[in-house]
Amino acid sequence: MLYSDKVMDHFQNPRNVGVIENADGTGEVGNPIRGDVMKITIKVEDDKVDDIMFQTLGCGTAIATSSIVTEMAKGMTLEDAVSITKKQVADELDGLPPAKMHCSVLATDGLKAAIDDYLVKNGREPIAGPILSSDPDFDPHGEEDEPAE
Amino acid sequence: MLYSDKVMDHFQNPRNVGVIENADGTGEVGNPIRGDVMKITIKVEDDKVDDIMFQTLGCGTAIATSSIVTEMAKGMTLEDAVSITKKQVADELDGLPPAKMHCSVLATDGLKAAIDDYLVKNGREPIAGPILSSDPDFDPHGEEDEPAE
Amino acid sequence: MDRTVYLDYAATTPVDENVLEAMMPFFSERYGNANSLYALGRDAYTAFEDARERVAALMGATHPGEVIFTSGGTESDNTALIGLATAGGRIKGHVIVSAFEHHAVLAPAEWLGKHGFTVTEVSPRTDGLIHPEDLQAAMREDTVLVSVMHGNNEIGTIQPLRALADIAHAGGALMHTDAAQTLGKIDFDVNDLGIDAASFSSHKIYGPKGFGALYLRKGTRIAPYMMGGGQESKRRSGTQNVAGAVGFARALEIMDAERATEAPLLAALRDRIVEGVLGRLELTSLNCCETKARLPHIANFIIKGVEGEAMLLHLDAKGIAVSTGSACSSGSLKPSHVLLAIGCPQEFAHGSLRVSLGRYTTEKDADYFVDELIPIVERLRSMSPLYAKIKAEHSAG
Amino acid sequence: MDRTVYLDYAATTPVDENVLEAMMPFFSERYGNANSLYALGRDAYTAFEDARERVAALMGATHPGEVIFTSGGTESDNTALIGLATAGGRIKGHVIVSAFEHHAVLAPAEWLGKHGFTVTEVSPRTDGLIHPEDLQAAMREDTVLVSVMHGNNEIGTIQPLRALADIAHAGGALMHTDAAQTLGKIDFDVNDLGIDAASFSSHKIYGPKGFGALYLRKGTRIAPYMMGGGQESKRRSGTQNVAGAVGFARALEIMDAERATEAPLLAALRDRIVEGVLGRLELTSLNCCETKARLPHIANFIIKGVEGEAMLLHLDAKGIAVSTGSACSSGSLKPSHVLLAIGCPQEFAHGSLRVSLGRYTTEKDADYFVDELIPIVERLRSMSPLYAKIKAEHSAG
């Protein structure tokens, strides 16, 4: 299994690590039982992601995708930010090993949760839709690559 | 599978090859279907094997055991000669590979057949007992070494 | 002995020095476990996957993932036969194999026969070929798998695989072929041949022993045979033998590069031997000599009135290595099932001699072999209690 | 990276240079097929059988024929589990395996469970040991086979095999052990241990990958797993990998010669690492540290609040190779079944780190590892959204 240079760069030097004090929105997804938990905090200005930070307990992919998703989202409208797909995250990282694709769901879900949190806190409707990875029964390996016999 | 030096010597330089003209006794055993046929001719003097020659179509062991059995039998009383066992033949050759033990039956059987032939021709009782290897249904591999699963 | 003339390349081959050179770093330096995530493991993984890609390309596979690395031809055959027949939990069905398969196919077929499946053996005809119409006649409603070898290891005939595969597929069955003797030696393209699975062995093409591969067409379900850690995309467990894979890939590359020059050379040397032997020995024939589709490097003679092992041992004393289908050479009761399958009478099958040439065979080797063989056969015939009779029968007939 | 510190000897080992030297002639010079009768074949046969004798002697086997050579630990395990359970055509019965076996044992056991047999898993206790009374409780009238590994590959605990074998035998069952991690590393004698079968892997003891052996007590029936040409007295078909056997035998000889000095050295280095890690990292523990019967070279830590793969990758960036039982490192859903079996909570199992030392590990390596690990763990903990909470809970509890 091989990681791209970009995955390794974001893993080794993750961007936007930390917690924003007095954040406008907070998303925490994942499950320690599964070995990955991610927390995203955002500041919102004009319905745009003005600032964003993350904390992640997880594997290399979880950290790298967390890092890149904060870079991708920064400056985006909330609407654009919630619609970032795990495929886009993987592409932005020059691809992920097939067995690791599922780990990228955490990053997009964390972002979604933070945005919905902001919206709901502000009396607005959530827009992210269901957030799978915060369900403790969610099986991140549900969509595996190679079929086993 | 390894042959002893003595097997190889008797295979490479078989003793007493040929057919005795006007032999007193002739034994032919084996089966071309099985790939081995041996013919022994003997001259008898005073109920002793005075001269003995063999012809063999067969594998290295068949030839080597044929050769050694002629050496062993020469000079023996007929009674001693018929009682040479395949184990004695193998020992005399410094052993045979387990998978090849069965090939040595031909040599002793050929000798037995030749002696009985002499006895019967001279109106006497045969003394060799049943000669398995001239039976076309005889399975020379009947007593194999390693049990297969 | 002074000379050594190896003429048993179909049994095994020396590792080509370029192959060994390619393997060397993977023993003590680049020794990582290909499943490990750190640099040494990734290096092993990369080399292993690179080998897979090269092997896949050289057999015309569409995806590298269609190549599963194994411990040899035997494992590939066992995996194909049992893994394909029992894929998806299938517990019964009809399997067809040819009667002159290698035991590595026949034995698992027999196992299937004892474990719920029905097995039919299709016989080759005397030309050493499985005729499509004979396969057609053996097909049944419930045939799930057909396995017919590509090049026969004893007599060298090459089967009309495409036609056989078409019949298997038309009947809804998968087509496997044991290509241990052909990959690298003749043109081999999985798509041209239309096969679903094929077995290969590294030590037949100047690669290391204990390594092989199974081609498995994408989408073909298989039950893994070697079960455990889930390597090879869960299709073959066991720590990857990286040196083996690198050696196999390099060996195949060399075969591919040399084939255009090597094959005609081998065929010429083989014909030289055939002419020498048939020209100088009476009551001697070449098995399936009328068949055009034959491997360039194998000649299988029937030399009447002699037993194979005896010839082999005398040749050995002259430094010559060949093989025989005689029963006595294998410690089994019957002579080669291949020779019997093509209709060779049992008594003459004991007199078979297989000569197989390879990369390092020279014209001198060929001549030396013929020159040494003649007196050996004459001597053995002179010791035989039957030869005079055989000859007389022949002259009479 | 400047330094390379390999601390994953339990995953695989480099081929010892003396082993490679012993193997070298068998690739391109002494390349004969060990089944062939001519000189080159006899030479290969002799070398192969010589290797078998040496291997047999080094494990205390009574007869060389009790050693069957295979393609690795996985094949040995598959052969033992399926071959022993189904020997003599048996189609049902009860099989017991421990819950923390290698997948090469668990997977064939699962196969047996789907093919007529009943399988019971006996759990180790938190000390990492299978207690004889727990095996006793699992035994049934119809138990035919018990398989408990000798040394666990993740946590290094050594099972009380003799006691387990006695229970199996008293119940009329055969006793198999996966000794891939112990042969050569600790005293190993098949008769002292009282086992009927044992699996070994060459690449765990500085031998080549793709080779292994199965010890099978004389008289024990087994259905061959690799079927074909009937090599290994019909118990394992496939052209013999002579270089592999010679390498394995040499590797084992070296292990044997070095053990008395190597084992205490490794234990000292391991303890140095354990003290360093536990002394400098909070919320960190050593799995089964209270158990005396442990392999000298394996230490398995649980480092709370970090995920194993992330540690592993950061260590890799420093040139350090270790492994983890984290799910993410294997692409599987659950973390190491071994850690779960000994009662490690799943959330902490993701933070496991296995360090395994070997022949070339130095004190400097040990210290370098500890020095590099500390800041990595601290950094990852500082990035974790949970660590503050874990720590608070710990202080409170």
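Each chain carries a letter (A, B, C and D) given by its place in the written order, and its residues are counted from 1.
The criterion applied here is as follows: contacts are C-beta pairs under 8 Å (C-beta built on N, C-alpha and C of every residue); 3 or more make two chains touch, one makes a residue touch a chain.
Just so we're clear, the structure is a prediction, and the values are computed from it rather than from any experiment.
Removal of subunit D in thought leaves the touching network of the remaining chains intact as one piece.
Averaged C-alpha coordinates give centres for subunit C and subunit D that are 34 Å from one another.
A straight line joining the Cα centres of subunit B and subunit D is 54 Å long. The centroid of the Cα atoms in subunit A and the matching centroid in subunit B are 86 Å apart. Those residues of subunit A in touch with two or more other chains are numbered 1. With touch defined as above, residues shared between interfaces to two or more other chains in subunit C number as follows: 37, 230, 309, 313, 329. Pairs of chains meeting the touch criterion are A-C, A-D, B-C, B-D, C-D. On the side of subunit A, the complex with subunit C involves touching residues 1-2, 146, 148-149. Across the interface of their complex, subunit C is touched by residues 1, 8, 11-12, 14, 17, 28, 32-39, 55-63, 99-100, 103, 139-141 of subunit B. Interface residues of subunit C facing subunit A in the complex, by the touch rule stated above, are 37, 42, 45-46, 65, 87-88, 221-224, 230, 233-235. Listing the residues of subunit D that touch subunit C in their complex gives 1, 4, 6, 8, 11-17, 20, 27-29, 31-33, 35-41, 71-75, 77-78, 89, 102-105, 107-108, 110-111, 114, 201, 203, 208-211, 225-230, 237-244, 309, 312-313, 315-316, 319-323, 329-330. Residues 305-310, 313-314, 317, 326-329, 331-333, 335, 346-347, 350, 380, 383-387 of subunit D are the ones that touch subunit A when the two sit in their complex.
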